[in-house]
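Which chain is which? They are A, B, C and D, in the order written, and residues in each are numbered from 1.
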Amino acid sequence: MKTVNIGLIGAGRIGQLHASNIISSPYMELKAVSDVQLDHLKGTEIERSVEIMTTNPDELFSNRDIDAIFICSSTDTHAAFIKAAALAGKHIFCEKPISFHVTETKGALNIVNEAGVKFQVGFNRRYDKHFRRVQECVQAGAIGAPHIIRVSSRDPEAPPLSYVERSGGMFMDMTIHDFDMVRYLSGSEVTEVSVKAANLVDSRIGEVGDVDTAIITLMLENGAIAVIDNSRQAAYGYDQRVEVFGSLGSVSADNERKTNVQISTKDTVTLDLPKHFFLDRYEQAYKDEVAEFATAILEDQPLRCTGEDGYKAELLALAAKQSWLENRPVAVKDVEVLEEHAKSE
Amino acid sequence: MKTVNIGLIGAGRIGQLHASNIISSPYMELKAVSDVQLDHLKGTEIERSVEIMTTNPDELFSNRDIDAIFICSSTDTHAAFIKAAALAGKHIFCEKPISFHVTETKGALNIVNEAGVKFQVGFNRRYDKHFRRVQECVQAGAIGAPHIIRVSSRDPEAPPLSYVERSGGMFMDMTIHDFDMVRYLSGSEVTEVSVKAANLVDSRIGEVGDVDTAIITLMLENGAIAVIDNSRQAAYGYDQRVEVFGSLGSVSADNERKTNVQISTKDTVTLDLPKHFFLDRYEQAYKDEVAEFATAILEDQPLRCTGEDGYKAELLALAAKQSWLENRPVAVKDVEVLEEHAKSE
Amino acid sequence: MKTVNIGLIGAGRIGQLHASNIISSPYMELKAVSDVQLDHLKGTEIERSVEIMTTNPDELFSNRDIDAIFICSSTDTHAAFIKAAALAGKHIFCEKPISFHVTETKGALNIVNEAGVKFQVGFNRRYDKHFRRVQECVQAGAIGAPHIIRVSSRDPEAPPLSYVERSGGMFMDMTIHDFDMVRYLSGSEVTEVSVKAANLVDSRIGEVGDVDTAIITLMLENGAIAVIDNSRQAAYGYDQRVEVFGSLGSVSADNERKTNVQISTKDTVTLDLPKHFFLDRYEQAYKDEVAEFATAILEDQPLRCTGEDGYKAELLALAAKQSWLENRPVAVKDVEVLEEHAKSE
Amino acid sequence: MKTVNIGLIGAGRIGQLHASNIISSPYMELKAVSDVQLDHLKGTEIERSVEIMTTNPDELFSNRDIDAIFICSSTDTHAAFIKAAALAGKHIFCEKPISFHVTETKGALNIVNEAGVKFQVGFNRRYDKHFRRVQECVQAGAIGAPHIIRVSSRDPEAPPLSYVERSGGMFMDMTIHDFDMVRYLSGSEVTEVSVKAANLVDSRIGEVGDVDTAIITLMLENGAIAVIDNSRQAAYGYDQRVEVFGSLGSVSADNERKTNVQISTKDTVTLDLPKHFFLDRYEQAYKDEVAEFATAILEDQPLRCTGEDGYKAELLALAAKQSWLENRPVAVKDVEVLEEHAKSE
């Protein structure tokens, strides 16, 4: 069996997770890892399994044995690495967001398209078995024409303030997954974004100009309306639920609990909490997304989520921010025009 | 619209419940109530609504305006009242058990049959919407041929010891409903009873010769096996669940909770307890059983649960007691023969 | 025991429901019923139970035996009947909405206040045991400070077009209950309303200038954000769910199903549908709201939902309509000012 | 990090599963595999990863590099391999049942004890997160003293008749897991076994002297009563549920469904089926049991399930068969005495 040889850039939390899944996959071999420093990998599975450990990412691009690059470094470095990888003819898996600026994103994707390499963006939730089943039901027409799409997406706790400051804001950092989920589940494009947001979890998040709680309403091309509710802090754990309601009925996916155990006493009936965070909840989805990437390369198949999907979600994050700042509905096409204009000046 | 005129004997807890449901039913009129004493009814809805209040039940039998008699007095008085009512040509609703002795029960039912009056025994659970739906599914063949019938039936707390002593034992007092449920759900007759029982809830129940915890296994004519688990004390409230498992699948009914509310905090997810006891859980079933009784009389329709059903369940209670005492499976037909023989001596 | 003597105006669907609950309540006596015509009541329980049947409502106001008036006639008649009842010193139960114009509503309520009679508006959902439990949890601090309130409220099918045309529009007719629910559950006032709505269920509803699908976002004084999703047609039945998410967790209420039965076969596991419509789902709530009205009068207690609650919900319905028409967030206080100004011209 | 070197005997379905989990575990290395023939392993992960592939198991016992032996061959070969492994000083993981004869099992375990090696029997369900959580709740006293233990254990389909014939019968092949579960969850020993069984799924199973449907009641030393219901064929998939009911309440574990998706249409609400069979349901449990085996060896810790647990479950399987054949409760100690007597003759 042929395998895909991988070079991975950026071995932080998510980079290490992908590395581990690549190592245990029969379809891939992790040939090289590059990071700005390597000390934190001493004694890990990565060090034991990987041939080339370097602080110079160019070693990966120039290595002829490497078929594909995983870009897991900080967002501001993505565009440059995408271009380098594409020009070197490597397939690309890039973490979300592709960049903080849609014109930069578009520029990088243009080079990818010209190079003809495959490009997958890390919207892991598309690979979650629950959401995938919802999407299949909608696509199969089980609930008729979609009318209302609801996404509840709440983190168990707010990230450190240092992270918040570099995150691009909640809409770009966290809601971006939900924007993608709305597009994935509805099979339609968003035309308008309306945001109501607040700073209720931690006032320091507000002090650095971000929000931690939001209701985001989206008008879709197919006539449906979508609504996302976000919070940076759900006391009971990671809350990830969706519902698509349509002309013939409704399909929804509930959280996964830690176990299916129920305890009944004289005071109450108790269930286990939902899985605590994305590493638990999406453990299998992370495996499946890298496996599908490898398979798509080996069998030259289309990808479940592409650069275009990354671009569209970023556009919605920008529209959301503008809607929040100006307290009004924002047409998506106006944001796109504005961004391109801003860049060209 | 014609109504059924009712005389009720025995205005204890269950008698008052029936009285209240009769009073608010458009199909019935409660004409007379008889009890050994009447003081406890002063100021109640019964006193306000009922014409004849008496300590002499014969007044009910001889009253030409009365169409039907509800017998809610203590079990040892049932047989005599049934005979008197039947001979007076009144339709009869009798609380369970009909009597503590199957030959006495049979004797009373023979007179009922000869008199040609309608007779309903108070197996209220047959009128519960959940169990009724299970029965309809089984009857409609939705789960194929039944293989295993499971009944969980647990009270929230043990009755007072004085009640236990006069109750005829747990099998006759409490399990009798479950025996009927097995017959109702399976549509088949029980051929053999095997009991394992214990005294785990309250040692005083054991001291008066009764049990408070049991597993009862029943072999059925149609080949299926049924199993009942009983406890006199479920800390979390009234626990009444059934499952019928068959060649094509399974149908089950879960408890009703007090509300459908769910509370999630950092420690746990909590649900409401099940409804606390039979008056809550079967509130509507009690209304429906008296309404069906009235309708069956008015429209001359067959009843959902008859004297024969009362007799069969008593037989199973006796078999259960014998199985427990002798620690062996007991054939139902042997109990019947034995009982008749004992009586004839 | 003293009872409250009731006169009821308007014996349509909801009027007859209240009449039936009044008749079977031990706390009330239905003395008189007035409607524009009386033929449809022939042979009903109302005709059998009620002394005075009239087409002249003034007979009710002038009748000294009558303590309280139920106003269940068409909305455009409410204000006049409220004034007449209040001036006659009768307590008032009025169906929602009080009127289609907030200044008219305010005028009627001013007279009520001057007269010192009790006034309850028919927000039946406040009496639903599930929502009441959610409200109590929030009030008790179980989920901390509310951050997000979610209300899903979907009818099983759209009303006849003739009804839609006279309904005051979906926000005034249907969402008005949800506006009240948000105020009830949050314990806070709404400051701003943002609506995205569409015509997806039936194009004829759009042709008469109304919507059938909407997402409504509300900013609250306490900082929380509420979101309502509405549809005029849920294929699976009446869908009425709420969630209050706060700093310490979340409390939610799910639908009631017809039964708790579950059927498992080789193809699927199936559950029963939710109760089909408001008469099923809120059967007990309707009983409880009239019982609490009677008790409040008899014991001179405050009411769970007052004229002020009716007024506030109407204001939100107007704000919603304006937000939809102008595609922008609308401040509630601006609507109030505008309405008063419009009236004074 | 030190690893445990493994030799595995018997690479059938379950042997290959263990092999795969050993290969991907960081705590173990699969050094050698022995089977009666090796053709079926050509091109598999095992062939790619394992140094020594042999048809001679003695090569494993004599190999000094091998620390532990996995015995996954047919049941009739277990005892001999256990003895050989123990005498060679290897730790042992043995699939259930250890043998079909308790004296043979005891003989093998005696040699294990003398050799002082670790011995784990393959009761994988003890490692299932749901059942483990139930066991921890019981042990922590959350439900007080256990009164009733219920185990529902149903396979999705009957095994091939050829398998049934060599399986030792349903009690030894399938119920043995449930016997162990009762001991695990209750923390108590079984004193008496009562069985009611039938042949309802497939008459050919009856023709070879086995049953396919059973209710098994167990009396426990601590006074509790346990009941197991078994079927060889549940149309809806693998059904594995437990409940422990005690003086302070109840704890139960429900099945895992394929997804948490719910679809509501005008006809019904549907959920996904339970996971289809043990390889799906216990996928993680199988990983955890081999991981715990390795950890126990590396850190010299006690095991979660030992040879003694295997022996006790076999004894219960024999008692069950006897109870079924003789239609009476059977004391476990009598079976033990009888078996030893039979052997000594």
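Quick note on the criterion: a contact is a pair of C-beta atoms (placed from the backbone, for glycine too) under 8 Å apart; a residue touches a chain by one contact, two chains touch by 3 or more.
To keep track of the chains, here are their UniProt names: A, B, C, D = BH2221 protein.
Bear in mind that the values here come from a model prediction, so they are computed numbers and not experimental data.
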Farthest chain (mean CA position) relative to chain C: D
Higher-contact pair (C-beta pairs counted), A-B versus A-C: A-C
Whole-Å gap separating chain A and chain C, where each centre is the average of the chain's CA atoms: 42
Gap in Å, rounded to a whole number, between the CA centres of chain D and chain A: 41
CA centroid of chain A to CA centroid of chain B, Å: 59
Numbers and ranges of chain D residues touching at least 2 other chains: 235-236, 248-250, 264-266, 272
Of all residues in chain D, those that touch chain B in their complex: 144-145, 147-148, 150, 152, 154, 192, 194, 196-198, 200-201, 213-215, 217, 219, 223-225, 227, 229, 231, 233-236, 239, 245, 247-250, 327-329
List of chain B residues in touch with chain A within their complex: 235-236, 257, 264-274
Chain B contact footprint on chain C (complex, rising order): 24, 26, 45, 129-130, 133-134, 137, 142-143, 248-256, 258-266, 272
